[in-house]
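Working notes, structure below.
Think of it as A, B, C and D in the order they're written, each chain with its own count starting at 1.
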Amino acid sequence: MTIVNKDGLNNKKKIPLFKRNMSINIGLLLVVIMLIPAIFPQFISTHSYTEVSFEDMLQPPSSKHLFGTDNYGRDIFSRVVWSTRIDLTIGVLATIVPFIVGSLLGLIAGYYGKWVDDILMRILDIFMALPFMVIVIAIVAILGPGIRNLYIAIWIVGWKYYTRLVRSEVLIIKNSEFIQAAKILGYSNSRILLRHILPNVLSSSIVFAASDVVMCMLTGASLSFLGLGVQPPIPEWGSIISGGRAFISSAWWITFFPGIALIFLGTGFSLIGDGLSDILRTKGR
Amino acid sequence: MSMLNYAFKRIIQIIPILIIVSVLIFFMIRLIPGDPVTIRLGPKATPEMVRILTIKEGLDKPIPVQYIIFIKNLLRFDMGNSIVYHIPILVLLKKRIVVTLFLTLFTLIFSVVISFPLGYLAGIKENKIQDQIIRTGALVALSAPQFWVGLILMILFAVSIHIFPVGGWGDTWLQHLRAIILPAFTQSLMTAALLARNLRNGVVDILKMDYVDFAKSKGLDDKVIKNRHIIRNAMIPYVTLIAMRAAYMLGGSIIIETVFALPGVGALMIESIYGRDYTVIQGVVLIFALVVMTINILTDLTYAYLDPRVRFE
Amino acid sequence: MNEILEVKNLETNFFGKNEVVKAVREVSFNIYEGETFGLIGESGCGKSVTCRSILRLIRYPGKISGGSIIYKGINLLELSEKEMIGYRGNEIGMIFQEPMTALNPVLTIREQIYEALRDKKLTKSDKEEKAIEFLKIVGIPSGKERLSEYPHQFSGGMRQRAMIAAVLVSKPKLLLADEPTTSLDVTIQDQILKLINRLKREFSMSVLLVTHDLGVVAEMCDRVAVMYAGKIMETAGILALFSEPRHPYTVGLKNSIPYIGSQNEKLHPIEGSPPDLSNPPKGCPFEPRCIYKEKICEEILPELREIKPGHFSRCHFVEKLENEKGIIKL
Amino acid sequence: MKIKLILFIVLLLVASIFITALAEKEISKQIVIGRLEDSNDLDPITQDGNVNIWIFNLALEGLVKTSDDGTAIEPCLADSWDISEDGLTYTFHLKKGVKFSDGTPVTGEDWVWSFLRARDTEESIWKFSLTALKDVTAPDDNTVILTLKEPWAPFLADLAMFNALVQKKAYYEKVGQEAYSQKPIGTGPYVIKEWKRGEYLLLEKNPYYHIKGLPKTDEIKFVVVADSNTRILQLQAGQIDVATFVPFDKMKELENDPQTKVVGFPSTETRTVVFNHTKKPFDDLRVRLALEYATDKQALLNFILFGYGEVATTYTSKAGKYFNYGLKDRGYDVDKAKALLAEAGYPDGFETEFLLPSGNQVYEQLAILLKEQWSKIGVKVNIIALEVGLAVTGYRTMNYEISVHHWTDDIPDPSQQADRLFIPERTNCVWTGWRSDRAIELVKQGVREINPTKREQIYLELQQIYYDEVVEMSMFYVPYPIAMRKEIEGFVQTPFGNYRFENLVKYLK
């Protein structure tokens, strides 16, 4: 029986992503707000972020120093502002590379299967078996600190999650009719992989990436917190917090404000990730 | 394949991984510049002093030889002595592990207590205000750096009002209990957030499932539907996630333990890396690897147990 | 012959973020005791929603916004959720389209049959007895063993049978069957339909059969309602419907199925697609696809008129159709 | 009349109660001391660091000891001693009836064994202090005679060092090295009761201590609180009674806190900024001078040590012997600095790297502030904060340009430090790569010269050379920053770091 099959319930008009998902909008808003200090710190910051002065030591927040000053008399507000760029770049750069590399590996492992898959999965097992922080610290220690090596460290440990995600997705989609069809039509593997499979498996790791940005920022901050991150006196939220640590009983503001900034930006990215996953979930149904 | 064969197969797979891990870690940490002796003696030690101590600690032997010795001892279940503390790794580890276990346990308890009701509520109230609030809360919790939260909580509950000790582990079990609450809570926030989201999404999906309607159409009351049809199904991914988090935390939460000055595995780990206490690092990493892989296997088994659809290949 | 169920002007809407989908629009029909009433239409025409509305199984963001569903003289829509529970299962049972999703994958068949036996007095052994008995009734042998198996261990047909068993144990008076065979392959389909017919007699039930398959209707039903775009287009006894359909859509449906022994093998699928239910046309919803359409069809929505006793149609040109019998090949 | 009498009696009673109350102030049985890290080996011979050295005086004693202020050598287990004219024979007359903490008497055999072990143990890194020792004999349990290969001026001082303490031979031979390094037995005021590695070290009063009535407190508990911040908070919360290694920025706060008080115990610790003389431009004295002039040390002192300690003028500290008071701080003079730089051929300054171990707040502060100050003469500093191990290695392999560190003496004599600093074979002049044959000459004389005045001259000249050459840039003399609860009395730390707790008490209110 040829009955034109059209589902009356689901044929919504295509509504642009943004209209559809609130959390993405808010997330983007937060991130954009944080982009301003990231791009034009010099216009926003009220003081130099390195200038020390004995008189202004450990001043509580005031009209002169919005967020107060640290034990060098440096203006916390300006330092927080200048940090934005660094933390933002850490978050993004540290995510992109594992996202690309990890996803590709997952794609290959999932599609070709057999020994390729086996080998990759064993390597993955090994990375899974090694404690994350230990590896990062060890790598940073081997390469020496500094942002560049911090990236490398996070890259080396970060790819595995994407590989797992993509691989599992590929395994599912691999046996679907349209892939089989493509094979029968004799398309080249690379074409099938990139044109047909990739677009369909990437979504979940895109979502993960959005939340991973936050994780990377936190990891970066944590490393600075442990004295393995960016070099002083360059400001970075984590290092400001760890610097203020000695004063939490007397000068809470040093610790407090950079934390807020970190949460603000982090929430922004999380919201985006959350929104994306929502859309995918609804699509999935 | 039966569950037993499956478990056995997986356990066999552990061995080669352990070996590779041992090699990796053994040589990796020795790649890190700086050796335990010079670090301990400090910059101004004379070469003579360094020489004496290096021999004393048996670090003068070529690395492959050291590895062989290490493996030999390992096969006799002897991980050797800490270079810094001069006592057997296992002795050193024992109390550290207690701390970390304690921390992990309480973190999980907090996480579940927080995440279960919230996650379920958010799930059944999909897109309603409760859901929005809970999800936003979870997001914020996820983006809050643990060391920051820890410090803030410390200011609030240990410095301003002395409800909890400011870090440390204490001597009596009672002190341990008081000492663990803040760090455990701090650490639980992120896990709770993850769990709550997981449960929420699980419930949302299940509520869309026909079998819930079918159960309803059979005239079951909400309690039965909730317990037998919604929660039970939602538990599967939830429990799995808990296990994964547990494995992660057993590695020792370096940050938390640093902030709260807890003598756990994480703290030991970082001390040992700074002090280049090779033997300790090797020992801890190997044990960690073992624990993680064991938990992974257990997770898969529980999963299979909870979800009859899973078959073993 | 008295009514067991009467649906009057049922309105069920789905409230999306930026639109309201009017899935069921002023649907009315009734079912007599012991008969099988068919509800046919393309998927998405609102027939399943109507079916679920009867048991009040409409999920957020859906909502029954009007009309009444009178079962044995009681308007189910006025009952409290608690009272409603009393009717689900014992009075009205429902077979779902997809047994795979309708049976809880992590519960054994035993659990899912037992839970339908809500009589507190029953002991474990009673329940087991009953369960096995019903499995036998629906044609599942060696029930004792199968009871402790999980849905995924059953074949499609067996699964459907198991679900039917789970519904029947509570001896419903009215059985709602929502496309009970769509997910099954043809041979199994037939078995299941036969099974439903048999059980209907054994348990003297009334059946509401929702399907998109005229063949199924022909085989099973006493009376049929044809739904399109959330509205009932034609209601008639089975013979009347096939012999003298009084609505272009029904005609279209008929022409789109092959008939054994029909003169020409040429099939005439209905061109075009149903309207968007979030803003249905103010005229006849079938107008865009209708071959008899005229100006008026766009403007005015025709009434559901009784053109013969028990035969209702919603078309401006019922008479015209009557004269052009020719196009209707039998 | 009667009433007055009654009143009088009442007053009398009240008064008496008060008096009795004041008379016997109760003291706590246990005192908890928070420290940075745990000890790792309590055998004074094989151990390797301050974490152990500083507590040996609590459990073990030697013939002599340094005075609490570190300036003099005092009798300890030896009541008196005489030194032969040739300075080669030292005869010590021992205090009578001294017992080990296990109650057994100290024998001459124990003394001989202790000294020989200190001198001959292969894996001891402290052998050097007794290289001059030729032989030890104990004619009876009350006399010990030490003979030297050659006259050795710092010998008495060496005997006050931790590796020359008397220990129980029989016990060592019974339990063996491994167990011994966990719990040595000596004659000190305290005994090691329990040692939970990485957690705490519990010391208990030595019942057989040879000075009656001491120590006053029954138990001393060293707990490890690695994180300075936590250590302070624990002190404020009363979880610990004493906090060692207090960050200086905390001292003020703790001083003002009604619960706590702070003391900066004078130490031999000298903080210096080191230059790598083998790298340009630091091979040029004018550059080194310029940097010295461009450094406002007093400001830095206020900033980093919050006024504790003082600006250093040379490598050795005032707490040490033979300090050269003639040397004055050059003062802060940017113009002069610029001039010198220009003269040296760097009119617009230069760029350089500052190596330091990450996580050390004081060093980091120093680096950041120097970066600030030196920028005024066009010297651009890039701070390289390396993880401790990397930093130490970089430094020892002279793979650095500028770095910073500190020095503490173990013995009350300048010879040890001079030897380490000026003899290239030792540490390549603390890894500066600098060398001066005159200095080497002087160091060699220093250990042989018996005549105190002549000897003093030698060390004064050494300090002069160091000062003129700006071998390192001496920054500050840093005290031991200790904070304790108000109720604590009698906490003593010698300039060499040794704890002296015979009179340590905690009063209960």
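In this text, a residue touches a chain if its C-beta (ideal position, glycine included) is under 8 Å from a C-beta of that chain, and two chains touch if they have at least 3 such contacts.
All figures in this text were calculated on a predicted structure; none of them were measured in a lab.
For subunit D, the chain whose average C-alpha position is most distant is C.
Counted by C-beta pairs in contact, the busier of B-D and B-C is B-D. Chain B has the Cα centre that lies closest to the mean of all protein Cα atoms in view. Per-chain CA centroids place subunit B at a distance of 40 Å from subunit D. Subunit B and subunit C have centres, each the mean of its CA atoms, that are 53 Å apart.
Between subunit C and subunit D the centroid-to-centroid distance comes to 93 Å (mean Cα coordinates, whole Å). Shown for subunit B are the residues in touch with two or more other chains, namely 32-33, 154, 159, 208, 258. The set of subunit D residues touching two or more other chains comprises 233, 236, 387, 389-390.
Contact with two or more other chains is made by residues 141, 226, 245, 248-249 of subunit A. If you check the complex, the residues on subunit C that touch subunit B are 52, 55, 57, 59-60, 85-90, 92-94, 96-98, 101-107, 111, 115-116, 118, 150, 152, 163, 166-167, 170.
Listed in rising order, the residues of subunit B touching subunit C in the complex are 126, 207-211, 213-221, 224, 228-229, 232-233, 236, 306-309. Of all the residues in subunit A, the ones that touch subunit B in their complex are 23, 122, 125-126, 128-134, 137-138, 141-142, 211, 214, 218, 221-222, 225-226, 238, 241-242, 245, 248-249, 252, 255-256, 258-259, 262-263, 265-267, 269-271, 274, 281, 285. Against subunit B, in their complex, subunit D makes its touches with residues 38, 40-41, 46, 48-49, 122-125, 128, 178, 181, 196-200, 223-227, 230, 233-234, 236-237, 239, 387-390, 392-396, 405, 407, 420, 426-427, 430-431. Residues 50-52, 54, 71-72, 140-141, 144-145, 226-228, 231-233, 245-250 of subunit A are the ones touching subunit D in the complex.
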